[in-house]
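Paired with chain B in one complex and with chain C in the other, chain A is shared by the two complexes that follow.
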Partner chain A sequence: MITLPRPAPPSARPAMPAALKTLLKARWFQPALQLITLFGFTLAILAGFFGTPAGSRNFGIVFVWIVWWALLIIVLVPFFGRVWCTVCPLPAPGEWLQRRGIIRRTPGKLHTLGKRFPKRFKNMWLQNFGFLGIASFSAIILTRPHISAGVLLAFVLAALGLSLVYEKRVFCRYVCPVGGFIGLYAMMAPLELRVRDCKTCLEHGAKDCVVGNDQGYGCPWMVYPGNLKRNTYCGLCFECIKTCPKDNITIRLRPFGSDLFVAQERRLDEAYKAFIMLGCALVYSTVLLGRWGWLKNWANMDTLPHWLLYAAGLWLFNLVLLPGLFWGAAWIGRKLAGEMKIRDLFVAFAYTLVPLGLAAWIAFSLGFVFVNGSYALSVLSDPFGWGWNLFGTADAAWTPFAPQLLSFLQVGVLSVGLMFAVNTAYRSARQFYADHRGAFTAMLPVAGLLTLITGVFMVLYLG
Partner chain B sequence: MPPLIVKRRLILLCALLVFVAVWFVPLPALRASGTHEFSLDMRQFEFTPGRIEVQQGDQVTITLSSSDVVHGFYLDGYQINQRVEPGITRQITFTADQTGKFRYRCAVSCGALHPFMIGELVVNNNFPFWRALTLLGVSLISTLVYLYFGANKA
Partner chain C sequence: MFKRSEFIARLTVGVILIGLPALILGYQFIVRPQLSGIRTIDISASSPENGGFQPNSFSVTAGETVMLRFTSIDVTHGVAIGPGLGVDLGQIDPGHIKEVTLTFDEAGTYTFYCNTWCSVNHWRMRGVIDVRDRVNPNVIPTALPDPVIAALVAEGVDIDASVHNRSSAMSSMPMDDAPVLVERPSAERGATIAAALTIPTEFQDDAWRQSHTPQQAIALLLTQNPNTPQTDLADAVAYLWTRSAASESLARAAPYYAQNCAACHGETGGGDGFMAAQTAETPVAFADPNYLFTMRGDVLYAKIRRGGMGTDMPNFGTLLTPDETWALVDYLWSLSVEPNNSNR
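Now for the complex of A and B:
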């Protein structure tokens, strides 16, 4: 639990199994998966615009916000990191236009204006504010098919527009609100793409992984794989595996949460992403799964002043209150353990919210997936709510799945998240305080705060 | 095997035993035998009252009504599902034989926020909640003990 196995010396890092390597090197692999998801995505948008306005009978709501969301947050992100980005349909039209091709590697430069993305936006802040903006309207987006479809379409158009102006996947890297939190929580995944031997990359001058060659494109995510230490910004497009002439890039398993301890890459924008994600999980659990009807109506914009109060509360809680509490805990820890740069300590401790936040989102998602998952059966047969019965399941009744099991799972997930978070706090503190006792003391206030937050979730779910 | 590894495994084993004990040790049922009657009104997208508390063993009668559109009353864990039209009251009766928090939900699509129209029946003593809080404490303490005594101090 405390000491992760040391990374094996580069020469010992194994190559991928041959079958996997062949698959990932195939140029058709990613577009084939994207075409499948693009089909589902197009269906979701069409159903949103032209199908029934009843969300629980509309493919666009049920398959995006119940099925896809559950798959993403409960399975894909915790176990496979950014693998959704491999198959995500949002950037596909823009990327295919840039390349003037879908499968084969088209020669020449990308077709784009080739502008440089402003340096001040090369971080997670746009994604942070984008996510908060969407979260402010979530009660509406999650339940109105036409608005949900409009948001999805806006994402595609934004990705398309940015791909015409800027090179590569600027939308995915700096703008996509979903990509932001997937990147954050991908740090937990036990799967990573890394080079086998850093020295080989240093000695290789051509840098095919960055500039591309006849086998593939330069990294669309603007990452140099030779220096990749975390999953956060690698979109698992596998172009580097295709282009590397040294066969030096591999995919491998590792302990959960290994990226949380890469001290030199911690940043305030990522710390705030962690606050926002945990804060939103707490707010959603209160508003959507709680018993307070007036709060649901405020979020549902029953009147503009009510919604403004709700949105202001959401933003204040996520951007001021939660970070403020963490700052206080880090400050107390520093007072107890010894002087240290408070900002660095604050940012480092914020990463403890990655495991806890992921656990909180899993617990929250279980809460509505178990109860509302059965809508998927009827929607599968009648995606538009037009009275079709394609697979004979259109009349499947709404049946909550094992609601009495739910709280056991939520408690289990939250407890594991808390243990992981406290462990992360200690290990992060050890990077500041060389002695064991100092590090342990420094992280105690943060551990208390993490426990308090977990306790609030338990009160909401079981109390 | 190095002593540190032995120590860590011992701490983990102890924590696991405490976990199992907290979750599975049977607690005495404090059964009541009272009768409680409640009126519960439904309108988009809330139940009034939003929370009902009774004791384990109580016989509970709930009179359901709707103030706007057709709603449904589904009670988790008790397999109760009742449709309620506006202007017509319905009555359900059951014995609260399981402790814990059970959500009641609207079971008839009633509008945009229908899936989130939720209320709570709490059957005291809410043992699952107290077990969960105890587990939370055990999680924290066992992790701290593990980190303090099982860490590589070098």
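Now for the complex of A and C:
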């Protein structure tokens, strides 16, 4: 494999604006945001367990699976990367217990059993299988408030349990199914946390960002900021900004998708995360937006055998069929362009699904947020469906938003995603084939496959 | 010693994790019922395959005022309460709530039921309100036997038989040559024809009319008017059979039919409702006079109130009053004949 020379990082990236630095250094900043989301999260669980079973009138369904999801996938992840992880309430109780403090920097070690997380699980595979597991039940989880609340509560308990046994945010880094795909798609974001000068970190022996100091904790995500090249595993907790005595960490803007070309950090587990995310978007679009009512019934577990068939199909499609198609495309490209290590080529081309998958999820989410977003108004006034009317909007009628625009937006987003994906394929191929012709030939089959997949999405969205 | 910010943060966590649930649940389940002053019963409605009404039965005391709050969970349902209360909350969309405040004066049993077609088992979607006597709350109120059904049973009439020409009371009448009606009898034409016929006195008797079939009536008319074509006699019976049904009675019965019967028997009585193919027996066509003219009114009444054994037809005696049931029978007759528009 040829590694193209990357532009040398500036010897000293500019520092953050003073106001932003002050905010991110404040110990109260992250907990304050987490307390706000913890409030909403608690309300969602309460509504799920005690509110109306009608999903469209239950805060736990509408605000989690419509408002939060749309905000996450349409705004937060594409533009701000892992910023949701900054405010996520799921790991907060466990982390506060580990630290025996919410805001203050408590001295001494974290209060856990201090076990080491098994090395074989230090990757995305748990998150991949966890996401597929949840996806298998998604038609049920997304519509049944009490089941949805149970899943959310299970996430908190899992995070809490892991934080008692293992140090730091093992749940977020290796287990959380949401964190997995946020990390993958955060590679697209035009925002990154990086060190200003790598040399400063190399020369600094204390590594306060890793071990912590009296200003903050060592990185809870078990990342060494000095070597950070991608957004994937940085949870934007900003502890490193607090602890760095050299003021060497900054947040800055960059071009969309910059992380996709960090060749040395590509991994098979991440590639599969990309397959699973795109595959699930395709399956969801087919099941929820397609014209096949029987398939929706299967996903809704009308009978156990039907659901088992659906789940088996979902897993096979994501783990075998879609990767198999990509493997085939990579293999044909290699045959046409010249011998190259097929596994590396396959993994590299899988990252083309990051922009396309994100675009597919945005298009899919636009569909239901435009159609069902108006439920948020009534749920805001009557979160439990108990006949309350807190803000006078309980009787707000269901009103789809701009349905005439929806298809144009979806097609536009998918087209942008496809162009980005094809461009990624070419640029990735150039990392293997030095000449333009070889790279172009190698990526052609993959580009065709990407176009085909985009076409399927468009057919589904345009009916 | 905590810093103030840490104290506030911990307090906030406590408020969120303990105070918020206590506040919300305490208000909804303790404070709110006390503020309203009357007992509120929340009833969720989902299609029978998903559990129907929950709860599907509850007790109240005669004289007690209760608020019943219905919410739909899965699809659009309709909620009515009967018999005889005239409570129809109309359609309830998923997640919406409709409520009604009721005071039951006397002990008895009432039924709340879905009156909007919601699933293949829609007709199973019913619940029971058990109104207990204030003095003897442990005495379960029992319904008195319906005198019409009791009389049919005493008479030996097979309520589930498909035709009723040969009931014992009319066994002497010649029915073997009962005409096949090639067109729907016209009550309008019948009004003119009847004016020129000799009408037996039995026709003036509502009880007689209810206990005999139109075919039997045609046979009886024939004995008095031997030279009259049978089609004219059928028109005359169509008129005589429907003339007493007041238009307001038919208007009252029309929604009962639309809500409870049309799905199987068809909107116009053609036996071709959208659920017709799924019932154990093909629903009868009320619009076919060759069927309905072989039926007695009291048997139709009994079938409606008791249900059709083995046919998938549920009972409606727990939903409708006897008067409402008779109005429905009149409505059925009106489906089998051309109406007398001059009478409307």
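The rule we apply is simple: the second predicted complex is superposed on the first by the 450 of 463 C-alpha atoms of A that agree within 3 Å, B and C clash if a C-alpha of one lies under 4 Å from a C-alpha of the other, contacts with A are read in each partner's own complex, and residues count from 1 in each chain.
Throughout what follows, a contact is a pair of C-beta atoms (placed from the backbone, for glycine too) under 8 Å apart; a residue touches a chain by one contact, two chains touch by 3 or more.
In this text the structure is predicted, and so the values were computed from the model without any measurement.
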- Message: So in the superposed three-chain picture, is A:451 touching just chain B, just chain C, both, or none of them (first/second/both/neither)?
- Response: first
- Query: Where does A:243 make contact in the superposed view: on chain B (first), on chain C (second), on both, or on neither?
  - Reply: neither
- Could you say whether A:57 touches chain B, chain C, both of them, or neither, answering first, second, both or neither? both
- Query: With the two structures laid over each other on chain A, which partner does A:419 touch: chain B (first), chain C (second), both, or neither?
  - Reply: first
- Message: If we overlay the two complexes on their shared chain A, which of chain B and chain C does A:112 touch? Say first, second, both or neither.
- Response: neither
- Message: Under the stated touch criterion, which partner chain does A:163 make contact with: chain B (first), chain C (second), both, or neither?
- Response: neither
- Touching partner for A:384 - first (chain B), second (chain C), both, neither: second
- Item | Winner by number of chain A residues touched, once chain B and chain C are compared | B
- Note on the structure: Residue overlap on chain A between the chain B interface and the chain C interface 54-57
- Touching residues on chain C, where the partner in the complex is chain A: 2-3, 5-6, 9-10, 12-13, 16-17, 20-21, 24-25, 28, 44, 46, 69, 71-74, 94-97, 99
- In their complex, what parts of chain A are in touch with chain B? 1-3, 54-57, 139-140, 143-144, 287-294, 296-297, 300, 368, 371-372, 398, 400, 403-404, 407-408, 411, 414-415, 418-419, 422-423, 426, 435-436, 440, 447, 451, 454-455, 458-459, 461-463
- Query: For chain B, which residues count as touching chain A in their complex?
  - Reply: 8, 12, 45-48, 50-51, 74, 76-77, 98, 100-103, 105, 107, 109, 112-120, 126, 128-129, 132-133, 135-136, 139-140, 142-144, 146-148, 150-153
- Using the touch rule from the top, collect the residues of chain A that touch chain C in their complex. 27-28, 31, 35, 38-39, 42-43, 46, 50, 52-58, 96, 101-104, 378, 384-387
